[in-house]
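Order as written gives the chain letters A, B, C, D and E; numbering starts at 1 within each chain.
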Amino acid sequence: MEIARPEVQRFTGSADGAIKAAAGGLSFYYGAVNALRNINVPIHEKRVTALIGPSGCGKSTFLRCFNRMHDLYPGNRYEGEIRLFPDNTNLLAPEVDPIEVRMRIGMVFQKPNPFPKTIYENVAYGLRVRGERARRVIDDKVEQALKSAALWDEVKDRLQSLAFNLSGGQQQRLCIARCLATDPELLLFDEPTSALDPIATGSIEELIHKLKDRVTILIVTHNMQQAARVSDYTAYMYLGELVEFGRTDDIFVKPRDRRTEDYITGRMG
Amino acid sequence: MEIARPEVQRFTGSADGAIKAAAGGLSFYYGAVNALRNINVPIHEKRVTALIGPSGCGKSTFLRCFNRMHDLYPGNRYEGEIRLFPDNTNLLAPEVDPIEVRMRIGMVFQKPNPFPKTIYENVAYGLRVRGERARRVIDDKVEQALKSAALWDEVKDRLQSLAFNLSGGQQQRLCIARCLATDPELLLFDEPTSALDPIATGSIEELIHKLKDRVTILIVTHNMQQAARVSDYTAYMYLGELVEFGRTDDIFVKPRDRRTEDYITGRMG
Amino acid sequence: MDAPRVREIRSVIARGKRWDVVFAIVGIVCLMIGLLTVAALFVDMAVKGLPRISLEFFTNFPSRRAESAGILSAWVGSTLVMVVTAVTAVPIGAAAGVYLEEYAPRNWMTDVIEINITNLAGVPSIVYGLLALGLFVYQFGLGQSVLAAGLTLALLILPVVIVATREAIRAIPAAMREGSYALGATQWQTVRYHILPYSMPGILTGVIIGLARAIGETAPIITIGALTFIAFLPSPPFQPEPPFLSFEWLFAPFTVMPIQMFNWTSRPEAAFQVNAAAAGFILVLMTLAMNGLAIWLRYRLRRNINW
Amino acid sequence: QLVKVDGSSTVFPVTEAVAEDFQKATKGKYKVTVGISGTGGGFKKFCRGETDISDASRPILKSEMEACRKAGIEYYELPVAFDALTVVIHPKNTFIKQLTVAEMKKMWEPAAQGKVTHWNQVNPQWPNQPMKLFGPGADSGTFDYFTEAIVGKSKSSRGDFTASEDDNVLVQGVSRDANALGFFGFAYYVENKAKLKAVPIVNDKGKPVAPSMDAVLAGTYQPLARPIFIYVNAKSLAKPEVREFTEYYMKHGAKLAKEVKYVPLPEKAYTANLEHLAKRKLGTVFGGVAEVGVTIEELIRREGKL
Amino acid sequence: MTLPAAISKRLATRRGRVLRECAIEFMLFLAASLSVFTTLAIVYILVSESVAFFRHVPVIDFLTDTQWTPLFDDAHFGIMVLVSGTLVSSIVALALAVPMGTIIAIYLSEFSTPGIREFAKPLLELLAGIPTIVYGYFALLFVTPILQWLIPSLPGFNLLSAGLVMGIMIVPTVASLSEDAMRAVPAALREGSYAMGATRLQTALKVVTPAAFSGIAAAYILGISRAVGETMILAVAAGMQPNLTWNPMEPAATITSYIVQVALGDLPHGSIGYQTIFAAGLTLMLITLMFNILGHMLRRRYRESY
């Protein structure tokens, strides 16, 4: 951990604007499987950072470190740290409550996973979990969140119908709205469009683009084009290591590492 | 069905070498859901034909018509025909026994599905089902099939261990070996690599390439690059219809249909 | 394919199909033996018992005269015992299931609990009777009361409820859980808002199947010594005066349907065999109704929540 | 307002009938429960003070008296009826006309186990056919009494007979096997006369007597007629419901016992019981031993001496 | 960000939350461990009463004596007599229930239409819901006469007919659980077999059954437990004759029928005869425990890994 410090310092002092979070010397173990090795990477505030890399390289694992999702399963172990700024909390410190971490950081999953409740209740859930009871406040926030997720117009007349009745793309936007309702500081997306058709994918990408003004975004994607389209920064991972990180334009145009180049060109045709 | 005839005739007379099979005026219904509409497409002998298209467009449904897999579930209905050459049997005719069809046509599934038996028994299964009892014949065919599936070297010392102990990629190759042991005339692959890592994917693709000399292959894939890499012909489906069929090179370079172009470019960037 | 090979394969297929047909017939015969036994037992009881079934049969107390004997105290007793059983088994069983699926760490203690539950599912009901006799009746001094019987049967069906709960919880995709946690929910919030509601139909199905089994149990209830002539009802739980609720009935002596039936079958007079058949018929109808409810719930579960 | 009765299954039908009518007569003012946990089980509860009245198919035993004494429980012993154990055979069985105690002892004594398996081993005039024996379970009062009366020692019997707690099962067993012989309470025979034949028993006067109410009353059906009792907790008797129930029992017991196919005692026996209650004559007249062959006369005489 | 007030407030709510979560977890844990307490209580009750019993009867006698006459004057305590009855009746039951249940399970899961399955399964499960006393009389009055017609030498009470009826009763347990296990086999495996050209029976026997083996084994084990623990059928139809035999054509007593016989009888609590039921119960518990552990091991070994 001591080794990691300088890296974080370096990122924080970057010229690229504020840093929202930074992984320092992060390693992760699924029991004996070492899935991440010494990862150092900054996440820029109000920017979209894309994580790319071949299947099984650890993208999801890395993403799920940010909201301590791995704490849910026994045998998992973190090493190193993830600092969240401006308060400079180490998200992985044992004394930090994972629930508090998750209250600050939202996550959208690969397959839309709305709860089998009404649309309204889905969006209100985060608020209820935070102990909010005032009906008016909840109504308000639900509406705002659905509007931010570009879903309000499609569902405003059927807030009380089951979320399962929505189409895949709508469900995914509902999941985004569910996160937005609680004003997260950082939003994690794990291949949010891989289960969706091209049209739904388009609308989610557009939404991510809009959200950038409000919230910092970290997105895992298999789709090179998507990474190129939506992200400001890209990190390329391979076999649990971070191979390259930089501005998306730079990475796609002149990758410094051979492995990155192979991967990107292989995928692009 | 009468309408379909001319189409089949046309395909059979194609200049592209022999035709192994051809769908003519094929429609398919899951109860009331019309999943395939009037599909006409030839399958060229000893070539790889790829089926691409957005999720839910009916690729798997189409593939599973070839070995009458839909017969297993009640309420499914075929219309039109699939002719298998050279004997010009209509696979879908009610008087044709689906078991006989399946004995001629092998299938490899999306998720590797080895049987809960030893490696040896998995490969021998098809032979046993065909009434083969001679130990020596079975031994021989098992070895050959495993060799053709490029698995022999990895498993020859543990033929009696459970198939579940193999890795995902090995399991998938085992499933291919299982089919090869019975000398199928046509092999169906339904997204055979989507559950596998890139290295395993690579070895399966290579294997498909090698198998082309022996057997006709029809493969469903989500992965544009894969289709481009392994197939000779490509069929693009959309909403249950066949939009375009042609040589893979042509389809990827200058698709005739706008929808194909959108899909391919959308996916390719 | 060449002709000889085709012929050979066709004969293999024909042989295989012949076995299919043979097996299907054997299967149908076995199924029929089972179903016909149900039908025979049911029809037999119906034919023997129907002449006795009338409104009075439900509203009369047991009597030494077969024609005027009824099952009032028995069905009320059965109902009350089932209420106690359900009220204790549901929360405890659901809680245990939730603990094992959602909380339990992988250690020897959990292993012990799990082995225990499978083992308890196989413990003969008469052993539960011995337990209840020693523990509830004498140690806790509950006597031969509704409460003692209800608790005994609750212990008896607990493994069924726990297993049903666990199955239902396991059917909930991990994505639901992760979705909830990712929004900052605590473990209990996740259980309360997601796990329990989504698994409730499954839990209820298990409970009802357990109760359907419990309602016909004779041996443990005989063992606690509840073979009794009772010609009155326990004091009702709802009272006209404050405090309106009374729990006196919990400690009241009782009788239940299978006991009443057992009592009647061992009478010398042939007329009582008719009563026994009638009581048996109604008991089977009760289990039938419960199973029907369980099936309906299962069906609802499948239709409403489709992961 | 609850009268708790528990004990013998043999006495159960009589007490049940009384309880039923009593509750009707008092219009539900009092409640009565009548349990079946056996004479022994009944005394166990009775001597812990858990029940008010104990049904008994035999007199209280020494150990039970001791238990009651320790717990400070005093009781009244009230005979309520006679039961006639009936030996039955299959109706097609023609060779058995009567049975002596000695013959039955040959069949049932422990030494017979595995050896006496054919009828001609008991009586050479009987055919050489297998003998199938049926009887109540070894822990019932009926079995105790039968062994005491026939073999001479309570619970002393061969073990290889078919037993059942449920007398209807015995009825089924005997009625389906031409070589069967069994015994159980009189009531079960009366209800199944069509399927079974009762065997006259040769009494100590050398006369074969078939079981019947009259024969029991006359004291000639011996030694298989036995008195049955209720024991009333003296303290409970202070409670109006127990007193009223007991009195009701004595007033209507004769009629109801007859109704459920037991042999009622003569009227004077019930009045004598009521007198005992009034004069607080506590305790038992049997001294803690089970006796066989007590006639009604003898019983009344003894009870009068309390 | 240095906002001590806000942070300390957050810490306070956090502590409350953690406390509440812990309390809830502890309560759930208690509920789960109730099962352990139940087992401990069962073992405690059985062992404490059995200890008194084994003070009277040496364990060696208990295990090796060939007679079981605990209530007789000449008492023997050879539990093997009851164990043999229990095992023989269970074996007969399983010999019927295992093949029949498995065939029905395969038929319903692999051959029948969903309509038949949805209709037949609950109906079949009803078999498990019929009070066992009804089965007892079914065995005695219906099955036994048929068997006697087939095998004239068969006695009216025997383990065979009780065992067969018990088998019928267990069929739904075996069939229903096995069917659940088979249906849990992923369609991919089944389709894999069909795609190879296998027939239904080949798929069912060679792929589905092995894949579902651990679930099927669990169903068998539960069926065994049911058979070993079944009471009323044997009490009515098997003859309750303590008879050390391995021949199903003879009458015999089982552990359970002995327990219920004593529970219904006239035996005083605390007597040696009464303690025998706990010793017998302990034996029963150990037998079922043995099978359950066996089942657990089987499941461990063949856990579904598809």
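Going forward, a residue touches a chain if its C-beta (ideal position, glycine included) is under 8 Å from a C-beta of that chain, and two chains touch if they have at least 3 such contacts.
Remember, predicted model here, so these are calculated numbers, not experimental data.
Graph distance from chain A to chain E, where chains that touch are one step apart, equals 1. Under the touch definition stated at the top, chain C and chain E share these contacting partners: A, B, D.
Compared with chain B, the chain whose C-alpha mean position is the greatest distance off is D. Averaging Cα coordinates per chain places chain A and chain D 85 Å apart. The mean-CA centres of chain A and chain C are about 47 angstrom from one another, to the nearest whole unit.
Multi-chain contact residues of chain C, defined as those touching 2 or more other chains: 13, 16-17, 186, 225, 227, 265. For chain D, the set of residues touching two or more other chains reads 36, 41, 165-166.
Residue numbers of chain A whose C-beta contacts span two or more other chains: 99-100. All chain pairs in contact, by the document's touch criterion: A-B, A-C, A-E, B-C, B-E, C-D, C-E, D-E. Within the complex formed with chain B, the chain C residues making contact are 1, 8-10, 12-13, 15-17.
Those residues of chain A lying in contact with chain C across their complex are 67, 69, 72, 74, 99-100, 102-103, 106-107, 109, 111, 113-116, 125-126, 128-130, 164, 175, 178-179, 182. Against chain E, in their complex, chain C makes its touches with residues 13, 16-17, 19-20, 23-24, 26-28, 30-31, 33-35, 37-38, 41-42, 45, 91-93, 95-96, 98-100, 103-104, 112-113, 115-131, 134-135, 155, 158-159, 162, 186-188, 209, 212-213, 216, 218-219, 222-223, 225, 227, 258, 261-262, 265, 280, 283-284, 287-288, 290-292, 295.
Contact residues of chain E toward chain D in the complex are 67-69, 71-74, 140-141, 145, 155-157, 235-236, 239-243, 251, 253, 260-262, 264-271, 273. Listed in rising order, the residues of chain E touching chain B in the complex are 113-114, 186, 188-199, 202, 206-207, 210-211, 213, 305-306.
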